[in-house]
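Chains here go by letter, A, B, C and D, matching the order in which they are written, and residues are numbered from 1 within each.
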Amino acid sequence: MLWGGRFKEKLDNDALRFSSSLHIDIELFDEDILVSQVHSEMLCKIGLITKQEQKKIINGLLQIKNEFQSGQWKPNPNEYEDIHSAIESRLTEIIGETAGKLHTGRSRNDQVVTDAKLWIKKAVKEVLKNIRSFQQTLLEISEKNIETIIPGYTHLQRAQPISFAFHLLAYVEMLERDKKRFLFVENESNQSPLGSGALAGSILPLDRNFTAKKLGFKESTKNALDSVSDRDFILDFLNAVSIGMMHLSRLAEELILWTSSEWQLVKISDQFTTGSSLMPQKKNPDMAELIRGRSGKIFGNYVSILTTLKGLPLSYNRDMQEDKAPLFESYYIYSESLQILTKIFRDIVVNKNRFIDQLKDSFILATDIADWLVLQGLQFREAHHTVGKIIKYCEEKNKSFTQLTLLELQEFNVIFNSEALTYLTIETSLKRKKTFGSPNPVLVKKQISYWKKKLSKG
Amino acid sequence: MLWGGRFKEKLDNDALRFSSSLHIDIELFDEDILVSQVHSEMLCKIGLITKQEQKKIINGLLQIKNEFQSGQWKPNPNEYEDIHSAIESRLTEIIGETAGKLHTGRSRNDQVVTDAKLWIKKAVKEVLKNIRSFQQTLLEISEKNIETIIPGYTHLQRAQPISFAFHLLAYVEMLERDKKRFLFVENESNQSPLGSGALAGSILPLDRNFTAKKLGFKESTKNALDSVSDRDFILDFLNAVSIGMMHLSRLAEELILWTSSEWQLVKISDQFTTGSSLMPQKKNPDMAELIRGRSGKIFGNYVSILTTLKGLPLSYNRDMQEDKAPLFESYYIYSESLQILTKIFRDIVVNKNRFIDQLKDSFILATDIADWLVLQGLQFREAHHTVGKIIKYCEEKNKSFTQLTLLELQEFNVIFNSEALTYLTIETSLKRKKTFGSPNPVLVKKQISYWKKKLSKG
Amino acid sequence: MLWGGRFKEKLDNDALRFSSSLHIDIELFDEDILVSQVHSEMLCKIGLITKQEQKKIINGLLQIKNEFQSGQWKPNPNEYEDIHSAIESRLTEIIGETAGKLHTGRSRNDQVVTDAKLWIKKAVKEVLKNIRSFQQTLLEISEKNIETIIPGYTHLQRAQPISFAFHLLAYVEMLERDKKRFLFVENESNQSPLGSGALAGSILPLDRNFTAKKLGFKESTKNALDSVSDRDFILDFLNAVSIGMMHLSRLAEELILWTSSEWQLVKISDQFTTGSSLMPQKKNPDMAELIRGRSGKIFGNYVSILTTLKGLPLSYNRDMQEDKAPLFESYYIYSESLQILTKIFRDIVVNKNRFIDQLKDSFILATDIADWLVLQGLQFREAHHTVGKIIKYCEEKNKSFTQLTLLELQEFNVIFNSEALTYLTIETSLKRKKTFGSPNPVLVKKQISYWKKKLSKG
Amino acid sequence: MLWGGRFKEKLDNDALRFSSSLHIDIELFDEDILVSQVHSEMLCKIGLITKQEQKKIINGLLQIKNEFQSGQWKPNPNEYEDIHSAIESRLTEIIGETAGKLHTGRSRNDQVVTDAKLWIKKAVKEVLKNIRSFQQTLLEISEKNIETIIPGYTHLQRAQPISFAFHLLAYVEMLERDKKRFLFVENESNQSPLGSGALAGSILPLDRNFTAKKLGFKESTKNALDSVSDRDFILDFLNAVSIGMMHLSRLAEELILWTSSEWQLVKISDQFTTGSSLMPQKKNPDMAELIRGRSGKIFGNYVSILTTLKGLPLSYNRDMQEDKAPLFESYYIYSESLQILTKIFRDIVVNKNRFIDQLKDSFILATDIADWLVLQGLQFREAHHTVGKIIKYCEEKNKSFTQLTLLELQEFNVIFNSEALTYLTIETSLKRKKTFGSPNPVLVKKQISYWKKKLSKG
């Protein structure tokens, strides 16, 4: 126990189990070792420990690292409050009394928040890598589907023809925003709290800039009280994960729709679908469902920490221990979701001609016709209304657009001419798009090149 | 694998790890074994398996139970999707092909929801027991503090004198409502879904009433599609836990305040406080902080499941697998919180005279004076205003109520007489309360008796 | 202002605007008038006001009610903190000083929670009526679609044939559970807090049972401190609304799918769809989307109150004022959602033969074949596997089940005979169902009768 | 109505009321007018409308703006779906058929998201101003309280002495992080979606860069489908508000504690406290309570939008209309909370000597003594333990630190000398602090100067 001098009775066993966070903050093992190494260097530099003592501490820490990685040493949650106590205890077992010098000028309050910021910086790096991989996979599939025409939907109703490539590029955009959000988090985690003590710094001449630099931080935090009370970087990380996961949940929903018997647009390989214990014919898109479903967990985790922090007086309160389980869990769910989706998309089979016939017989080009009328000089509202009336007529006569004769069209407006009929071909519809950001195959190709170049730079 | 006949490739390893719920639904082991036992009895009863086959199955299940409880058999999450598959696989290893008959007329869809309802019913029983224990402990402390006068607060400002017993009885009321909420949940979990199949029942003559009765359910569910899609009982359970935990968070906040240097109303024993790694003098109410902090987790878990279920088409979707981790976690956090608080209160030391002197010099009896004026015939608003002006006068003169002379009082209103002065004694203030539900010691004693009798009946 | 005697400066204007809840709790107008009426009766009964005074008060209150309902009197949020102050002020204007007697023995703390409980009881009644109406509409549509065969889904993959009636009956079940949840809330709102004062009752001989009875409560609350601190009934109401809305969000999702070009199962009438400002052909299921989308709001409202209450020390804190906006908003969203869905379903057009041909060529009867094999003596796992292999064979040969000859089937298992082939008819598949709760038309008809009878009783 | 050509029946009245967002998106009036102005300029530039037509449109829009601001024109929610339709309708009334040209090449899908981004950019500016004002006020109070010694708390237990200035500076840090978060949001809202059409751009040669520049955006969005589906910027805004409000909730909690009878550290002026309708002596910190309480609403609003977006297929779905009410509400609550707190702090009265005597008799300097022992050569753990034992001794003898003689101290460790005794003076304790970020008055003064200079630059 790191405290205890004044206590008459030791902590109740149930209370220890209730309060120990060791099974969770063991995730911070690497960071905690690193922070102790750097802290001991600094103590040596300012003369509070000798070179020899420091060497002893470093060697002890390295031994613990080896023991931990090889599975030789497993700290027991029924014995220690947290990973920090466990490591200090083990260090005492290995190097004896000198271990007691390591906690000089340090509180668990500043130690744990330093560990957490280092962990976040590491996690952000991993996330960025995973996002980029997924973007690259989406680009590969896009490249093969620039001419694959599918209906674009609003309100899940067929709206206008787009390409499958164009659809996937929308996700590439979302993923890029996600990366920017994580970069913001990284920047917000770049101030070292080490040396803030429990809440008020120290009378010892601790060199905070030294440890900040050595740990890879940009600078030191500026107010000790704030340093140990601050969990903003965790909330920002969870916001980034929440929005990222919301994006994945939308793609997951689409995968589920696309693989349904009603859509039949894509097939997911057997390796990423599961069957039914009862129904022999089933092939279920479980991975997509789990991703969609786990977004609930991710959102709940953000709520959980925000609620925990609400109304807490400064500075550190034990409530704040509860920040770590949601943090780690959200990170792992999100990372694995990205990886699984990357794998799924790599093997996806797109039914390229699925919609082409159906779209021919539909009214999906109505907007193009209206816009064509505008180009002939009609004002837009009138054009819109005219096309609406044509559709009503078609529905009553049970006809499709393409079955209309020029004469029939002219009954709605004499302005119609033979060029209008060419606007009813699905195949050429994308090529007519003029605006930047539209599914025009030429523009989509450019976008793909843009992304490939950009992503190749890392 | 329980499916697979039509699959050409087996599930990707990452996908298996991503989708396996074994490490979580292992919590349902007991219930799953029980459901299989009863299901096999029913299959035998309707003639789909022989007596001998059924015996073989039962023996196999019992062996698995023994192996599991003794730690001999540990199902591996890298091998199985869930506890149901793991058990069926192990059964096949033990009794061979006959195991394949157990899944007759059963889907994991109805199996898992049956397991979950049985688990909830068990959990409710435990929770009720824990709540009752805590209520009883609160009553014990109350009994000793009927005359312990403390300020009652509104807006955390001292409002009127009450007793510590009266304050604790407010929590006994909350806990009683919590119990009613759990009883409602139990009732809502009392319909057996077994025999609903994947979503549409079966062409086999399964006897659903037989299994319902044997499993201790009140009746069978009435629509197979709803049966496998329904997670209402889990949400109701989590609502009950959330409100229960909100109550505990309020008490935890009060404990934290009461043990502060500013309040000094109660002392928590050393066994349930912790120290600081840096500051030798600290004694921190960590358990209370953790309970307050973990309410965030509990609320987040409710959000998480609700969000997961939002917008899911019928019937079963794999998203719904995500219901279990939050359910189990919330249950354990809440149960342990109740137990820890019970232990803390058992040993609590109340500083009985903490406030008595301070209250004498305060204006905490202002309402009583106003009410006394009403009894003399003043209308209330005037009485309220008069007392307000007396307080302003006292503040300016730096006097307390009790230092006022009758003459001074009469300058505000001639109606004041010597009886008014007796209304300024803190010690007698509680005894003057007339209304049912007030802190009058006579009434508080009655309430305590009422609760003791009621709780002794279980 | 209801307070102020001791205050030297009046409330800052921004602070008044920031803190006034009048624009929200104006919803409690009716309840507040009623509570004042009954409170004045009680004051008269115990002799604190005269008959004449009471009459004056009652008349004044009635006048305010008339003025309010006719729009003559509109309380101004820039002038009053809340509806309670506004009414008392207006009463003073009308009847003069006597109004000052009405607040005798009453605090806004007990008044507001009494108002809120009365409002909840009224709201529950309305909700129950709306749910019942919707159930009845669903039953009407069900009755016409007992033989309308559609695919039942798990994982949004076609699983087994069911009927549209059976599908809708699942929602009737959910709605029935919702009603039980609201009945629980009503019961939990049935204790009168009036007479609890600010937190500690009163030295005046208030007759709490009298007011409880007159207001239609079952009994009085038992602890004054708890009475003014308790918002459980609001959380329970919001839990009920959340789960209810989650159900509606699932149905909304299904409506959106069903009306898509891919499903084409139902048509919503023009009166409940909207068009596009740009695309003339669109007909969008906006109402269903809004219901699905507003579930987010509803869940957020529950979170909001729970978070607000977290960690609040007893008794009343101003934070608790924030309970009302979410309460009223959730109620209105939910009620209107029920009403709109009722109207939509009344006019819905079901495409009865939409799936019948497609299902014939699918493997949706695979479970029935497996079960048939079980009836011939195969153990289930083997049967499941056999059918799986047949499907793989069909997929390779590009055949459907119904195109298989008996000889082909017998290559998989000699047990196949001509009866097996009859199991492949979609039309008869429902009639073969044996279990209670299945889509067997006979059972579905019975269920419909059961519900109609039950609902007709109210 | 902006659509309707093909519809046979008009929208049901209840459905219109249910779906209209006019009462909410009326907040976007200014932005909508601006977007229409710029859009018409662009249409003119590319030749789709004439100069004259454009002038007519601009004049019409200006007239509507005047009518709206003067209250002459009030769009009716029972008549229009949203503010966009209302404005277009009014424009038609004013300028006739030409109005129908304004919607050329525009969908409400891209229009609404353009409006929303412009609104966010405006809101961010306001928020930044409010935060800065509050920081400046905190700095003013800090400057006067550099030597005001108060206990710093961990676990709400007194931990180490700090200054009130140092405490407030922690909030200045938080507020600065909040500003950075809003700047990130602004940057993420800086791409113009206008010209994305409903989801797929247009066959008309719309000049998106022109409108982007004119509207003050940095650039155009790159994928039309993503442009109309994206609400990330709203979630990022709500995350920023949530974290910002969480900070305010912590300060609110502290204000409530500080103004309690137990703390008596600060007094809030009468203008920002309220009284009780029943208890004449009360002065309640209602504004702080409301801020703390409303954090629940703010968090709920974030949850609400995230949940609404979960699992939505691309592109626009009507669910997304639900993003605006929470956005606007959270913005106003947060802004007003900042303003009210600024006002409260401007007038706050700090009880500068509140704690000084109490701290003298406490063990709050225990850490300094331990650190002093370290400076004498003891290892820290031993020093910590030694001080712990001294405290236990003091508690048993009922003595404070300052009552200990040097002899008594030396019984615990001979290393103690007279210098140790000087470490027990509260008054000098802050000055001894060595680390950057500590409450050393010299450092605190520097921080205040740093902030004042930084904030003066805006």
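Note that a residue touches a chain if its C-beta (ideal position, glycine included) is under 8 Å from a C-beta of that chain, and two chains touch if they have at least 3 such contacts.
Everything numeric in this text was worked out from a predicted model, so none of it was measured.
*Asks:* Return the chains common to the contact lists of chain B and chain C.
*Replies:* Touching chain B and chain C alike, sorted by label: A, D.
*Asks:* Which pair wins on C-beta contacts, B-D or C-D?
*Replies:* Answer to which pair has more contacts is C-D.
*Asks:* When the C-alpha atoms of chain A and chain D are each averaged to a single point, how far apart are the two points in Å?
*Replies:* Chain centroid spacing, chain A to chain D, equals 24 Å.
*Asks:* How many angstrom lie between the centres of chain C and chain D, each centre taken as the mean Cα position?
*Replies:* 33
*Asks:* What are the residues of chain A that contact at least two other chains?
*Replies:* Only 2-8, 103, 109, 154-156, 159-160, 197-198, 257, 275-284, 286, 289, 292, 295-296, 299, 302-303, 306-307, 309-311, 317-318, 367, 384-385, 387-388, 391 qualify.
*Asks:* Using the touch definition up top, name the residues of chain B that touch chain C in the complex.
*Replies:* Residues of chain B touching chain C: 2-8, 48, 97-105, 109, 152-156, 159-162, 166-167, 169-174, 177, 180-181, 184, 188, 195-206, 208-209, 220-230, 232, 235-236, 239, 242-243, 246, 249-250, 252-254, 257, 292, 295-296, 299, 302-303, 306-307, 309-318, 367-368, 371-372, 374-375, 379-382, 384-389, 391-392, 395, 432-440, 447.
*Asks:* Considering the complex alone, what residue numbers of chain D touch chain B?
*Replies:* Contact set of chain D toward chain B: 151, 154-160, 256-257, 259-263, 275-286, 289, 303, 307, 310-311, 358, 362-364, 366-367, 369-370, 384-385, 387-388, 391.
*Asks:* Which of the residues in chain C come into contact with chain D in the complex?
*Replies:* Contact set of chain C toward chain D: 1-12, 14-15, 18-19, 81, 84-85, 103, 106-109, 197-198, 269-284, 286-287, 289-290, 292-297, 299-310, 317-322, 325-326, 336-337, 339-340, 343.
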